[in-house]
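Below you'll find a set of structures to go through.
Shared chain: chain A. Partners: chain B in the first complex, chain C in the second.
Coming up: the complex of A and B.
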């Protein structure tokens, strides 16, 4: 039971990251490698907003925000912060290339550059060491609850619920709202969307804003449920998210969700004595899926253009 | 960001590189250039492969294992290592990496574009985790006290330069050979190339294998040069950094990745005086470089102006 829940919780986080990639990929057809760095940023922002202090090895020793918010507003604000940073990434790493009609390949490099700047800024300011959220962070929540005879960590339940809520909201918004429809129209065909009066640049910015928020949310949640092992921790989640993205099919929202859960559960089922190999599992699955079904589990078939 | 830090060699002086030869920075730069050429080769056939760090790691691990475990190679108790054994290792590492590329390439080269790129990232990660967890590769610490064929860091300049010269000569020759022309044709339009009767699968595979051989040999050289070898040598970061060598240097000629590899490997070391900000600045260079030089530093037009020789019409 605990294993399955752990898997589902990790899978939920992977799905958040993969959805972030999916949003950007569907409107621009490129991958934003800064996603992992935004994930780290979300974790650190949550930590700071909840009153966490920087230890001595950072550029700001002992510094902390003069406030200590409860978890929920801190997480929301951190997600907003990551969303704004994501907008900045779009402005610096993607917009100049689009204006010049440069090769899409270049944005792989520029977005990774933006991610490097972000992660190293975090390292410079906060230090390379890990941070743990103080005990009693989640006031009013018991550390563990028992369910059907099994004790499970309640923070994992919380994580799963928040992930599910975020994913549900996003899907509903994409399906039902005007903005969501416009975003999907741009993803389908930017030129036609523009002819129909949709501001495609605004939609691109919106996609980055949302994907940044998802990454920030994921970072904050993982930070609270595990810890912040250093500024680079988001990069690993970013890579896993990439594997999930392809597993589910590039640009497919249900694919990203299903892929995330599948990956999380598969990792949770790795026996403890082989835990060192766990990190390779995601990529081994990815490898196998790519070879059997190059367009991913739920992706559209690729149409070869002639 | 992993830098191929040569901690063993004399630390870089306060002013960066007043003595680039003795502290081995020049060798590091040459290793960067070699890896750049390794990324360039598949790209010259239109394949975005980020697998170079995987083959580099495989080559380095093989060399580290052979020289520390296999007594017949003649590693001395004082940490010395016979030159012929070193050269043999370069060959073996290249061969193993090439063989691996042949096996993997058959599978992954069915993929196109970003799918291929992500599959090769997956390969890099699998190799990294394997080296981290296999019982004989030393885990997170890795393999250390790798014997030295040269007494000083600058000794490695000779094999590194020779390898780079060989790679450059090969690339130059390739442009005139059927394989090189087929690669260029696939890069411009794979479908058209197939219609012209080019065996695109074999051509893409050849480029992939050549790239792996070069990366494997470079890894073997780097393992001796760095003295220690662990799983961190080939990671996702390295995938993108080596791609940046090609993109910033210019992907239209093999000189581009050489220049890109030399400059971008030197940059974090040259920035050492500014302290911890250097990695932020390095990121900024990678972020802004493609914006200001979308075609890289070395473009066909530039080569024409410098060399005065006719290149094929730039696109």
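Coming up: the complex of A and C.
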């Protein structure tokens, strides 16, 4: 039970990050390497919106927003802020290359650059020290709860619930709504979608907005759970999300969810006194899955057309 | 113009220490510039300092070392992490450039070569002191859980020291949890360790991870004593573990409560720069690193200066002078062994006491220990002197 809970909590965040990658990959066929930086941004925005102040080593020592929102609205606004930043990344790092029909590989570099700039801007503004949310952030919740003999911090449970809800809502939206179906149509075949009157550029922007919101949501949740260790903290989650994207199958929404949970569980299954080897084991699983199924767990096999 | 170089982590995870170090070096510059230097041909030229970001990885530290050495630095201060020192120091050694490490505590740093020295006493001298304090408070402790970051040279070296000190007291850890440098979610290792009901937790990780580990240990219900290593020797952990920091024990090479003229001068300068909190050990050690170099240069000036010498000759003479001197520093009196290892006379055990708001705290002196640091002895047995203010009843 303890292992399941530990794995699900970590896996939920990985799935959230991987979904962000998936949305962009499915419409553009490229990976947005700025996703990790947007994850960091979400954490810092949540902190500032909750009344957090910049430390003495930041660019504006002692500065803070003139408001202190409760956690839930702060998290939502931070997700929106990260979504807008993601849109900006699309405009600056992807759109110009797309308009020039540049090699898709180039956008890997431009998005990586955009991510690094964003992280460095965060460092310039906030400093490099860690920030933690005030102890009473989740008012009314005990520090930890027992579930079936297992002990888990309440914030981890909350994180798991919100991640699951976000994933469920996004899946439903993609399946049932007009916008979601349009997005999937562009992902399936941009040319046909355009012929059907779908504005593919608008869908690309929508994909970036949603992926940014997911990253921001993840960053805010993880920030509350384990604090903000520094502007680079999202990069690690971004890399893990990338692995999950490949594990689940490039561009597959169910694959991203399954991959995230599998990765989280695999990490949790590593014997605790060998947890330093956790990443090695997780990536060994990735390697093994890709050897057996090169298209990932739920990815589609690519058929070359003539 | 005499130029020193400093390679400090201004970016990456170790930036937390780098910020403290930058402040320490800046304060030392203020202190040195405020003193009157002997009237010699050399002293007419200012002692300048060029600061380079050493990042938090080996490659950036190596690049910064190369840059400053090629720019003609007489000596270098840095790098921030032991892990980086093992990679970058051999370059300085090969080119005959003196290095003073302000914060490298892993075993074997000065042994990299004759140009490498440090003012940060190694873990084997300091780390066991806090353990002794925890066991003094509760002699019935038998079940100890150990946590360390296995991919970090400092953490891996320090945990060996801690575990040797435990073995010397006939204690075998009930569990040793290996984490990673970048970890911040410790749910797995903590829940595994707590199932073994430890009475004492000993932690060797870097600052932010340590703050998170302590917080999560407390949140998951651990109520026993916590002893932490040198990586958490910075007030920057307070915002992370907040009220959960309260009560952790740490051995230190510096105490703001040392009442000497140089420490008072250092405290005054620090108070002006950061009135919010007293200086950290890392700031004091960075101050000391600059101080010993500046004083060695001053002595060379008194002996006739470095004029007419090649840069290589000047660097060699400076290293010789540095190792030959003794220094009254904010850390207390120090000198160097011939191999560059610092010999320090006073160490401290402190307990973190957090204020009720849970945001601010301080390292409260618990015990003042006078011993001559001897790196050959992994578990020195000092004559201890309880602090009048910090000693528990």
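Keep in mind that, in the parts below, the second predicted complex is superposed on the first by the 298 of 306 C-alpha atoms of A that agree within 3 Å, B and C clash if a C-alpha of one lies under 4 Å from a C-alpha of the other, contacts with A are read in each partner's own complex, and residues count from 1 in each chain.
In this section, contacts are C-beta pairs under 8 Å (C-beta built on N, C-alpha and C of every residue); 3 or more make two chains touch, one makes a residue touch a chain.
Everything quoted here is computed from the prediction, not taken from an experiment.
S.K.: If you stack the two complexes on chain A, which partner ends up touching A:10: first (chain B), second (chain C), both, or neither?
M.R.: Once the two structures are laid over each other on A, A:10 reaches chain C alone.
S.K.: Just chain B (first), just chain C (second), both, or neither: which does A:129 touch?
M.R.: second
S.K.: Looking at A:276, would you say it contacts chain B, chain C, both, or neither? Reply first, second, both or neither.
M.R.: It touches chain B and chain C both.
S.K.: Who does A:225 touch here: chain B (first), chain C (second), both, or neither?
M.R.: Second partner only, chain C.
S.K.: Just chain B (first), just chain C (second), both, or neither: which does A:152 touch?
M.R.: second
S.K.: If you stack the two complexes on chain A, which partner ends up touching A:233: first (chain B), second (chain C), both, or neither?
M.R.: second
S.K.: If we overlay the two complexes on their shared chain A, which of chain B and chain C does A:105 touch? Say first, second, both or neither.
M.R.: first
S.K.: So chain A touches chain B in one structure and chain C in the other; where do those two contact lists coincide?
M.R.: Overlap of chain B and chain C footprints on chain A: residues 120, 123, 276-277, 279.
S.K.: Can you name the residues of chain A that touch chain B in the complex?
M.R.: 31, 33, 59, 92-93, 96-97, 100, 102-103, 105-106, 108-110, 112-121, 123-124, 235, 239, 242-243, 245-246, 250, 276-277, 279-280, 283-284, 286-287, 290-291, 294, 302, 306
S.K.: Where on chain B is chain A touching in the complex?
M.R.: 1, 48, 107-108, 110-112, 114-115, 117-119, 121-123, 125-126, 129-130, 132-133, 191, 236-237, 240, 243-244, 247-248, 276-277, 279-280, 282-291, 294
S.K.: Going by the contact rule set out above, which residues of chain C touch chain A in the complex?
M.R.: 10-13, 15-16, 18-19, 149-151, 175-180, 182, 184-185, 187-189, 191-194, 207-209, 211-212, 215-216, 218-221, 236-237, 239-243, 274, 276, 358
S.K.: Note which residues of chain A are touching chain C in the complex, please.
M.R.: Touching chain C: residues 2, 6, 9-10, 55-57, 120, 123, 127-132, 134-135, 143-144, 150-153, 156, 222, 225-227, 229-230, 232-233, 236, 267-268, 270-279 of chain A.
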